[in-house]
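So, here's a batch of structures to check.
Below are two complexes that have chain A in common, paired first with chain B and then with chain C.
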Partner chain A sequence: MIVEIGHFALALALGVAVVQSLVPLWGVARHDRALASVGSAAAITCFLLVSVSFTALVISYVRSDFSVENVVANSHSAQPLIYKLTSVWGNHEGSMLLWVLILTLFGALVALSRRSLPLRLRAGTLAVQGMVTVAFLAFTLLTSNPFRRMIPAPAEGQDLNPILQDLGLAIHPPLLYVGYVGFSITYAFAVAALIDGRIDAVWARAVRPWTLLAWVFLTLGIAMGSYWAYYELGWGGWWFWDPVENASLMPWLAGTALIHSTVVMEKRDALKVWTILLAILTFSLSLLGTFIVRSGVLTSVHSFATDPARGLFILMILVFFVGGSLALFAWRAPLLRQGGLFAPVSREGALVVNNVFIATACATVFIGTLYPLVLEMVTGDKISVGPPFFNATFIPVLVPLLLVLPLGQSLAWKRGDLLGAAQRNFAAFGLGILVALATIAMTWGGPVLAPLGIGLGVFLVAGAFFDLGERIVTRASGWSAVLSRAKGLPRSAWGTALAHAGVGLSVIGIAAVAWSTEGIGVLKPGERLTSGRYTVVLESILPRKGPNFTAEVARFQVFSGNRELAPMEAAKRIYTARAMPTTEAGIRTDGLSQAYVALGEPQGDGAIAVRLYDKPLILLIWIGAIVMSLGGALSLTDRRFRLGAPRRSAPAQSAAVQPAE
Partner chain B sequence: MLIWIIFAALTGAAVFALLWPLGRDRATAFADGADATSLYRSQLGEIERDMARRLIGPVEAESARAEAARRLLRSSSDEVGPSGETEASLRRRRASSALALSCVPLLALLVYGAYGSPGNPDQPLSARLQADPARQDFALALARIETHLAANPSDGKGWSVIAPVYLRQARYDEAANAFAAAIRHGEASSEAHAGLGEARSLAAGGVVTAAARDSMVEALRLDPKNPRARFFLAIGKEQDGDAPGAILALRALLEDAGPDMPWTQAVRQRLARLEAEAAGGGVAALPPAEQQAAIRAMVDGLAERLKAGGGTLPEWTRLIRSQVVLGDRAAARAALVTARDRLSQEAAARAALDALAVELALKETAP
Partner chain C sequence: MTAVEPARPMVAKRRMTRKQRRLVLIGAAGGVLCLAAGLVLFALRDTIVFFYGPTEIAEKGVAPGTRMRLGGLVEEGSVARGPGQRVAFTITDSRTAMKVTYEGLLPDLFREGQGVVTEGVFQGGNQFRADTVLAKHDENYMPREVADTLKKQGHWQPGEAGASAPQAKPAPQASP
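Here is the complex of A and B:
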């Protein structure tokens, strides 16, 4: 009965979403407050109904209810509980339900943020959000229904794809979906503003926290996906320029541009039209990603079962939302009241430079991802656009952007002083050059460009914090003054610095990939293999039984030079239900570097093929991403986003705490 | 019934949540101005703070203040005063209520009606496993034993339970493996050897191969009276061209058997055919094609009779089994469906039919 209640609740949510997409819009058009407030009620109801539905599916999975087709196809009674839970979204139908759940969650959050959002904007936004919800609910119910029954129920399920039986599945998709879906809110804000014909700094301030939130989660989601691929696929790569990865990178780039352009709009009431366009494009790219991944245009671990009807349905959603919003944009954008002009050398000018570069980078990824697909559709030729293309196009666009990043950060609003900014960053730049030179000296004869990359990363990290230092530390002030100044800086300034430093950390990690080494050998117990700084000694190969797999586990002693690290294990598993093998890499973290072991084929005489990688500073790639998200999260807590909330601190009190103000 | 009450309650709650704001909110116009004003006020505050921190000079601060003030003025001039309840707003409310009242239940019923199956209860695995073994799903029990054996491959008892099941399901190779495993792990009974022989022989298309014969001989060594082993050895004799020897062996087998043994029927048929062949007449003496036709005519007659109406469980079972033996699985499936339909009132009969479907591997098409 629980299954059927979940199914019915989902169908009911569709009806509520239809009301949500129509009535508030009418209210906005007729200036009717009562009608507009239906949007909030509908959004919250919709979220509750979808939660009921999602809970029902989760219960079916946990109880191994094999009368549900989706559970049969993706679960097994012997799975540990955590994988029974994650199996819920480890498949197409369930992941669509999670998608809809997050979509409606965001709708409910917008509905509840009464304080920070004008009712008009909220109603319009909820209506557009309602349309997106209708589309995805209909898609789920009509083409990918997770509640289809299978009577009589089979005795056992077919198990989840073993590659997905990993903790990564518990983390990566929910984070990524919050990111993708979060951008649907900014899209809804943009379309609502276009429909309403009003767009101003209030809009920008209202949109910014949502954009930041989505961006933070998308950053974490992509980083987590990258780390998961790194340790699960067993060959030590962390980014493959695979269309599926590009599908998430494109909205991330557009979203990054968006969080920067909304700052300009909020502070200077400029770049309105461009910001609206970016908001539309960001979500359009998310939808495009969904289409590429789910339609069966390409095969990957993400595509699950493919079905032409689904591809067609998503294509229709794509055409409606992208085409519709762009048409609306073409019609309404010229009517928007333009903001003021501004000087090229200023913070806002620097942010425009940022937008131009990021948009260009996004375009190169777009072309590199879609060109092969379109070519194959038109001529039937299969070409592969791989890392060489992206290295030749994406990186040259990105490097100049990173070089001017610290300059932009230290320019003032309205009218900046380029020379002054350059002087302020001189120390950071010098530090970067020094580190690059030192690296060249230490690794003489090694890769040529990588030390420059390290220097660039150091420049970014140093630039981010030197700028903050400039603002906190002034001449003739004691420690207490510095401290109070640090407190006085808005959180968004700290967030900016942190996020930019995160970019620098990632750049260092990526540059250091040039020094990673690979060693291959066939080892018997007791034999050793060396690669880069690390040496492993194969101790033993043991059989082991898991709940739903059997494994051959190889134990290794790990040495870095003469120093012994904790031992590690690598394994090859066979999942019995699908008779499918997977490789579990053995990873030993050593500071920021990692020794990475992947097992190959057993050689019969007790020997096994082993690949050992030395991955220097590799963790910085993901730590950088996490630091970036922390920066975003810190920005999100900035007081100005809680606009409209009554100021609680009395003036006298605040004067005592913040004497600098 | 309960489920429809829950559906109705859910629908009612959802519709009520949509109607609530329509009935409650009396102030009908927006107050956007207030929102904008508070933003620009806080912007003015920020300018003050920036100036105090010497991030901007007094001149810039002055012009920034002027600009913020200009925007503040512009936004407050956009403001529309609240207007009271009007005829038009009432009409809009009624239309919205009508939309919520109709669209929500209708869409839900339409979509759920098309895809839902309200009659099917949940079937969590633990509940299925705890169900009375007699009523337990046959496939589930089989799967349980298979899982158990995968984890404990040296459980001879388990193998000896599952092997005859495989044999009945015509999974002869698996049956042979299972019997062999049972023998290997301490269940080397006469029955197991005979079963292994039968599985080997049926896997070879009914030919009593040398390996099958070895198993039968071993079975007889353990139990000289084992009827199955004696039967297959007799057939082996027949296949070797020793028809008189086969007849003698089968007669001896019948004499030793009690009259109510279920397998005597098959032995008698076989014997009759052999004797008829020896005498040169009767159905069994016909050439194989005509013989097949004669048997088919008998089965078809039974099918006709049962189709016309009635039929007990044993009759249906006989028909379905015969059709499977004749290789007409489609007819067997059709008969199974009809039988389930006719006997739908008797739970025991339905369970027996389900078990039969599993046994004969007809399950995949059972609705």
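Here is the complex of A and C:
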């Protein structure tokens, strides 16, 4: 019964979404306020209906209702409760439902937001969001229905794919989807502005929090996915330039460019057309990612059994929304009132530099990801484009941008002073050089470029905060003045600094990968293996039984030099339902570094193959990403704070006017 | 560090006209794009790796020493382990077989009779030295290239790969 309710609610939601996508536009065309306002109610209703549907699926999973095909294929009665829950989105159908749920959630949030949006913009945005919802609801209902019954019902399910039975993966998809799908709102805003034919600072101000929100979650989602791949797949790598990873990186890059260009638009009323295009492209890349992952057109280490019919359906969605919006853009953009131009050396000029480089970097990833597909269609040759390609293209494009990032941050709006900005960053730059030199000296004979990478990271972190520090300290005297100045800085200034420092931390972590080492050995209990700074001693190999798996657990003592760290365990598991083996890496965190052990084949005589990695400073990669999203979140509170009471805070705002935000 | 408030632009800069500013902008953006295009073309020539099935290697006359991906089925009974981390096995498309050597840990889902993709250097004849054996996340998954290779050789029965799953396509998904 519950399953039928869920199914019915989903079908009903499709009907409501159709209303949401048509009626508001009709209302706007007829200048009928009542009709134009229907979108809000429809969006909220649609969200409630999809929530009912999602809850029904969750209940089916929790009760292990094996009369539902989707539950049979992806769950097992012996699974721990948490994995029964995460099984809901650990498969294609369920994750589509989560996708639609988040899509309607964003629609409902726009409908509920108290922000004073012009009626026409709100109506248009909700209508466009409604269209996207219609497409994906139809896709879910027609090709990927999670509520399909199975008669007769089997007694037991087939278990969730074991490598997905993991906490990291439990939270990775929801985070990632909030990011991916969040950009649908920016897209809806952009298309609505094109339909309306008007775009101004009000638009930019309305869009910014949504972009920032989506970006924060996408950043966290990608970082989580990367960390999951690192510890779960047992290869010790954190990024593989795999099509599926690129599929999430491209919208992230475009979104990063977008949050920067909307600042220019909001502050200086410029870059309008470009910002609109970027908003369209960002969500288009999200859709492209969905297509790549779910159609199986590109071979990826992450790909799974897929269905060509679904691929075709998503391709149609992709063509309609990307093609439609770009056509609308080509038609309407020339009619938009052009924004002002500005001096190349200025904050806005620096943000343009940011956009040019990030968009270019995004394009290189795009080409590398899709080139194999095009080549196969044209010549029939099958190729793979791997890390060497991206190292040769993406990195050279991004590094110059990182080098000038602190300069851009300390340039003033309108007319900047390059010399002054350079002077302000002199100390940070010097610090970076010093650290790079020290690193070269300490690791003489090692990798050449990595110390420069470390120096760059230090420069970025120092530059991010020295700039703020200079603004706080040098113009004030005494601690109380410093404090009040620190408080007076807008939160988004702190957010910017934090996010940029996060980039620096990640850069340090990535550069330090050059010093990671790998050792392979065949160990019997009592024997040792050394790699880099770490030595492990195999203590014992013991069998263990989990709820839905059996495991061989190897226990290791870990030493860093002569210092003994806490022991660690690595395991080979066999999940009984699918008879599928997985490797559970053993990881011992030592400061920011990690010792990482993966088990290989048992050798028969009580020995086991063991791979040990020394991963120096590796945690900084993900800490940097978390710091970036914290920065984004901090900026978000700034926007809310100001937009919550736009009129009353006006005097306070002018008191805290800063040259930069 | 005492910040020297730099004097207002010391040399009164000639204000650029709108047109000039636009040119600077377009020029800079074009420069970056050209640079990137150059990098991409260069990299596409040097860094891509072709995928072949065992029969294709002979057909296309691939030169020994070529770096490539090789895919097919791991022949039943062909996996020989040792000494140490060395593994030797045979990849077949049921018409031609390639002997593959590999040193390192094999992915969890590497099994005899299953599809596999390896990357390494073709040694000439029927010898291949792999340095990467690609892991797959799903026991029913057949790499698309491998499926194509087998189809080409006429040994593919649809449903073979998913035979162990009675239901319509369980499709576990790691990412969106």
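Just so it is clear, the second predicted complex is superposed on the first by the 629 of 661 C-alpha atoms of A that agree within 3 Å, B and C clash if a C-alpha of one lies under 4 Å from a C-alpha of the other, contacts with A are read in each partner's own complex, and residues count from 1 in each chain.
Heads up, the rule we're going with is that contacts are C-beta pairs under 8 Å (C-beta built on N, C-alpha and C of every residue); 3 or more make two chains touch, one makes a residue touch a chain.
Model, not experiment: these values are computed from the prediction.
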item: Which superposed partner A:P525 touches (first chain B, second chain C, both, neither); value: neither
item: Touched partner set for A:P344, first chain B, second chain C, both or neither; value: second
item: First, second, both or neither for A:V38, with chain B first and chain C second; value: first
item: Chain B versus chain C as contact partner of A:M580, first or second or both or neither; value: second
item: Touching partner for A:P602 - first (chain B), second (chain C), both, neither; value: neither
item: Partner chain(s) touched by A:G311 [first = chain B, second = chain C, both, neither]; value: neither
item: Which of chain B and chain C A:G546 touches, first, second, both or neither; value: neither
item: Which superposed partner A:V356 touches (first chain B, second chain C, both, neither); value: second
item: Chain A positions touched by chain B in one structure and by chain C in the second; value: none
item: Chain C-touching residues of chain A, taken from the complex the two chains share; value: 69, 72-74, 90-93, 95, 99, 150, 158, 160-161, 163-164, 169, 172-173, 176-177, 180, 225, 233-235, 244-245, 247-248, 289-290, 293-294, 296, 299, 301-307, 341-344, 352-353, 356-357, 360-361, 363-364, 367-368, 371-372, 381-386, 388-389, 392-393, 396-397, 417, 419-420, 423-424, 426-427, 470, 474, 520, 522, 572, 578-583, 598, 600-601, 603, 609, 611
item: For the chain A and chain B complex, residues of the former touching the latter; value: 1-5, 7-9, 11-12, 14-16, 18-19, 22-23, 26-27, 30-38, 40-42, 44-45, 49, 52, 60, 63-67, 77-78, 117-120, 141-142, 145, 147-149, 151-156, 198, 200-202, 205, 269, 340, 412-415, 471, 485, 488, 576, 640, 643-644, 660-661
item: Chain B to chain A touching residues, read off their complex; value: 2-3, 6-7, 10-11, 13-14, 17-18, 20-22, 24-32, 35-36, 38-40, 42-43, 46, 49, 52-53, 55-56, 60, 64, 67, 71, 75, 78, 80, 83, 88-89, 92-93, 96, 99-100, 103-109, 111-112, 115-118, 120-126, 128, 137, 139-140, 142-144, 147, 150, 354, 363, 366-367
item: Chain C to chain A touching residues, read off their complex; value: 1-6, 9, 16, 18, 21-22, 24-25, 28-29, 32-33, 35-36, 39-40, 42-44, 46-52, 69, 81-82, 84-85, 104-106, 108-109, 117, 119, 134-141, 143-145, 148, 161-162, 165, 167-176
